[in-house]
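Okay, so subunit A shows up in both of these, paired with subunit B first and subunit C after.
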Partner chain A sequence: MRAKSAVRPSNKKIYLYLLPGLAIYTFVVLIPLFMALRYSFYKWSGGPNLQFIGLDNFVTLMQDKVFWISFSNNLYIIVMSIIGQIGIAFLISVLLTRSWVKWRQFHRTVIFIPNVLAAVIIGFLWSMVYNQDYGLLNYLLKTVGLESWISPWLDDPNIVMASVTVPIVWQFIGFYLIIFMSAMQNISEELYEAAKIDGASGWKQTWYITLPMLKGTIKVAIMLCIAGNMKIFDHIYVMTGGGPGYSSTVMSQYAYDVSFDRFELGYGSAVSIGMLILSLILILISQLIGRREN
Partner chain B sequence: MSVFSSLGKAFVNGLLLIFSLSAIFPIVWMIYSSFKTQQEFTLNILALPEKWNFSNYVEAFKVGNLHQYFFNSVYNSVISVVLIILLGFVIAYMIARFDFPGKRTIYILFLFGMLIPIHGLLVPVFIEFRNLGLLNQPITLIMPYVAFGLPIVIFLFESYIKQIPREIDEAAIMDGCNTFQIIFRVVFPVATPVISTAIILSFLTAWNEFPFALVLIQNAELRTLPVGLTNFNGQYTVNYPQMMAAMSVTVLPVLVIYLAFYKKIIQGMTAGAVKG
Partner chain C sequence: MKADLLKRFPIMLGLFILSSLLLAACSGGEGEAGENADGNTTITMMHYYNKELGEPAPMAQLEKIEEFEEQNSDVIIEQEVQSHDNYETKVKTLAAGNELPDVFLIKGSMTQQFADNGQALLLNDFLAEKEGWEEQFIDGAFTPFQVEDEIYAMPISGGSSHLIYYNKALFEEAGISEFPSTWDEFLGAIDRLNESGVTPIALGNKGKWVLNSSYLSTLANRYTGSEWFDNILAKNGEASFTDQEFVDALSAIDQLANNNAFNSNMNSIDNSEQQAMYMNEQAAMFIEGGWAAGSIANNAPEAVLNNTEVAIFPEIEGAQGEQNTVSGGGGWAYAINPNVSEEKLEKIKEFIYHLTNQEAGRLILEKGQMPAVVVPDSDEMELPVLTRKLLTLFEESKFVPIYDTVLDPALIEVMNSNMQNMTIDQVTPQEAAENIQAEYSK
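Moving on to the complex of A and B:
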């Protein structure tokens, strides 16, 4: 009925209006997606010689240790972010609803700032924090007498993943804080009033009211966390370039290395496809788990 | 009723303050250190500069080509934002107002764009652009920026336009407006609040973008600030204050925009998140 309204332009006209935006989107997102799929079946170093090798790239991919190391590094960052970002953000947002907490507006504004900065800036900034000789972190450790803790933060393969994850977690806490705070504003006051009458204290209210009411928001937050951390690139590229060795390589960094350092564009396409498939699987799993709980 | 004693409350307040300060201290440190000489910096990493000197900035602009990168960043961001807003608004309007064949498919295609890790498309986009001779052009970066900016903006606009009464469209028709005029002279002005949010968000994304600028542009003259910083880093590995000066220049516009519009930015981020 709505569609038959006099205001409605013809289908042709509608498509004409959609065309420019859709064309750019198709050109940059959809066509490359199919190109990646096509090139992943070829051995190709970027020159005129393309050699069709069927599924060989994917067979190689399945056995490629570095690819799986980089995937597990992505998983590490995802898990740390779910705990670190969503956990800390939830805690702080609960605190910021308490009337006795001071400077609430200040906290909210300030904690969000790292969020709007370029990931490259965050990466450079934290390389400076981690620097062996001129770094803030080692300087602070020295000042408080914890010299024994001083480490080559970005050069030790055993701790480098923790070192590169901290800035990533740090940058986006504010984002989840804001999401949680706006969700909490939508919880009816009456629920808390009722709980108060029943004698439920502050933390009991959080546990039995706030947390369950925020379930949907937390699910969205976890999905965003997964999607966001599967595309982590800038921080790592700037801080370590994936090193030492492959110890801090993430999938996008690996796709970049294979394609633009080794110029194996066929295999690089296969890595990209692998990365896309794995992200979609993770997002799907997180959605299914969320649904089953309902 | 709270479980906290007043001592406990003071303690929590203190902890929160430390946490908040840790969120901005590295940035503050970067900005004031950029006014120190290299020697001053190595002597005491934490101290404020004794004399606030601008030589690092002068050098960064003179030697480091910072003004060129700055101009390129402004150019790419502004053009992308204008296109994202105009194209996104038209698409959102059509989706919000009318049913037409393929609407759901188009909707889902854009939704898909918010979920896939865009860096997975770095390699094929590079190949496509190279084959078509589109690398190292003034319009090279605009295309991916527009494409990746569209999804979120479309969803923001679409839900907003749905709330605008259809009567104003109909009234406009009575007054003899065509579709184009309805969109841009009637509905667009009504949507100003969400449009300004979308402008700020897409500007920040384009301004901060790194991987596509890294891969699709090899010509130094077309580099944007984030990529420009990386070759700064190589050139002046040891000169931290100078690097920090260049970083501060990159960060300054973003900080100004944030402090001026933080309510809108926060609104937009949450709206995007809840939709996404």
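Moving on to the complex of A and C:
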């Protein structure tokens, strides 16, 4: 029997309350998505002339070398972010739960600050850091006598991906830190006390208690990480514009280039749809792996 | 009473959402009315003129806009200013969404696009309205903005997109007394400059267009001759980008990169930073269009300005084209939104005439750039030294098309990216040519 309490509103009301959010979401996400899907079947350069070409854009996309280069660049950022963001955030949150750490609140705030900055600002900030002549990084290397390490950080195709990934990792550590810390606070203190009595040292507690208890949270974090980094754009657009050549082009940058530099908006939509499909596949895979482990 | 309110609340909420969605959908069409209650006409305009950069034609145009506003108190010019690199993106995006301002700048490569989509007003009649106006423009000024004899935009400035600005003093320090007259000597000079410890050529190719506009358009013509390019434009199958002559031109640029002619951060700085390198005497040369003369004249330290000379690429031994050519002609031009009202159009026409007539041209020349119109008695005018040097240089050379003002935007994008890839050894000149050809034959 369903209890009809005074606190719980009727289903109809719940739907009505959801309506504004849903309407906005439909307007800014769903409709553009279906429009992009529609445009991806056309040869279109903006304006009134649309020419239906069926699946041609997708056939081209499958053979487009640059698209796959940019996909592999996305994968690189995802892998580095899972290791960098989630890994480092986990370590720091373990440290911050230790009783001997002073100024916990301060550390947490400082680590979280980059998160609230706009990606464009982060991009500009780090292009200044990387600047060859006036940049902070080369200046630091010079002062500590490591002049041989100085390189054109955003110009060498072999290191440019690493250079653009560092700011991305740096920015979002705080985000996962907050998630992990709140999850850790939910782990019962008794578990640790029991472990202490059994003689489990600090890192053993982390390995046998904290990590398994956080499994669900980590899975969500990895999914957020994949979803977030598949659509990464602003940082790279500001720092390198995808260059030199295509060596730091990511999928959204490529979609942008195709749409607004080449003015091939139909094909650009196809690139975006390709991006969406690949993202869904990756998230599905990560979910399947997570399930098998269980 | 309360229950009544609660019942109505969802309906009101629904109405609110609906109206806000409608408002959002309508906001694009706002401002179409043109004339407001006071009888003033508002003309919206988008451009990339930036006072800070001190480039001659933009400075001159800004002055002219202000002057027009003073003379016509019933007209308000609402300007939206973008940076040069962003402008192109913005105007294309607005075009895709059909939200163009009343007056905007286009470059030659966009003409076909805007004409096909009916987003630029035909200007033939407008030109004919003013007696003898069309004849005042320099030869070929309209070519990039024409589709089958129909003119879609009014050019502002002409001039070249390729010029070598070099520092005489730095050349002398490296033991070079005269600007090289052949390509081999040019390469030799680069080696000597490298030995003397300065960067031979400052290059800021982050925007990707510099190598194409200011280097390749001139260099390739020397190798291929003009007929080859005409065939490319006509798409008649008699010329292709994999032809040896074009590959040779790409190789020449590749050779410069391999001989350390450029600074190592060339792909992460932009063209204003390349000028800065030159002005700080970190580099002995930089290669950019005539527009840069103004910023050098305005911003360079006295010593650098006095030592600055201009040249063009030297003769290339064994190349088949003419050897005194410079890429140039019309750069950007004003287009008018076809959806403006009759009355507003009259004002806009006056405005455009004000910006592109011989008076405006004279001002551009005074500031140091070549206008798109012939300026009478320019010999007697008092001109900046650098401008005078440019005028002399152009008397001896011949203009050939600038690639990125006439070729299709998609092709340009592929060309630009491939050239950037070439400078960092990701592709060979041959492969770059094949990639360009693949896009061309699509």
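Keep this in mind: the second predicted complex is superposed on the first by the 269 of 294 C-alpha atoms of A that agree within 3 Å, B and C clash if a C-alpha of one lies under 4 Å from a C-alpha of the other, contacts with A are read in each partner's own complex, and residues count from 1 in each chain.
Definition applied: a contact is a pair of C-beta atoms (placed from the backbone, for glycine too) under 8 Å apart; a residue touches a chain by one contact, two chains touch by 3 or more.
Given the structure is predicted, the values throughout are model-derived calculations rather than measurements.
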Scan A:S247 for contacts with subunit B and subunit C and give back first, second, both or neither. second
Figure out whether A:S45 sits in contact with subunit B (first) or subunit C (second), or with both, or with neither. second
Partner chain in contact with A:M275 - subunit B first, subunit C second, else both or neither: first
For A:Q132, is the partner it touches subunit B (first), subunit C (second), both, or none of the two (neither)? second
Going by the contact rule set out at the top, does A:A162 touch subunit B (first), subunit C (second), both, or neither? neither
Subunit A residues in contact: does subunit B have more, or subunit C? B
Pick one for A:P152: touches subunit B only (first), subunit C only (second), both, or neither. second
For A:V79, decide between first (touching subunit B), second (touching subunit C), both and neither. neither
Would you check which partner chain A:F260 touches, where first means subunit B only, second means subunit C only, and both and neither mean what they say? both
Once the structures are superposed on A, label A:L30 by its partner contacts, choosing first (subunit B), second (subunit C), both or neither. first
Could you pull out which residues of subunit A sit against subunit B in one structure and against subunit C in the other? 13, 20, 27, 46, 260, 265
Subunit C-touching residues of subunit A, taken from the complex the two chains share: 13, 16, 19-20, 23, 27, 45-49, 127, 130-133, 152-157, 239-241, 243-247, 257, 260-265
Hey, which residues of subunit A end up touching subunit B in the complex? 2-3, 5-9, 11, 13-15, 17-18, 20-22, 24-25, 27-33, 35-36, 39, 46, 92, 95, 98, 100-103, 106-107, 109-121, 124-126, 128-129, 134-136, 139, 170, 173-175, 178-179, 182, 196, 201-203, 217, 220-221, 223-224, 227, 230-231, 233-234, 237-238, 251-252, 255-256, 259-260, 265, 268-269, 271-273, 275-276, 279-280, 283
For the subunit C and subunit A complex, residues of the former touching the latter: 10, 13-14, 17, 21, 24, 89, 92-93, 95-98, 113, 116-119, 206-208, 263-268, 409-410, 412-414, 417-418, 420-421, 423-424, 426-427
Quick check on the complex: what are the subunit B residues that touch subunit A? 1-4, 9, 12-13, 16-17, 19-21, 23-24, 26-27, 29-30, 41-42, 45-46, 83, 87-88, 90-91, 93-94, 97-101, 106, 109-110, 113-128, 143-144, 146-148, 150, 166, 169-170, 173, 179, 182, 204, 207-211, 214-215, 225-226, 229-230, 233, 240, 243-244, 247, 250-251, 254-255, 257-258, 262, 265-266, 269-270, 273-274, 276
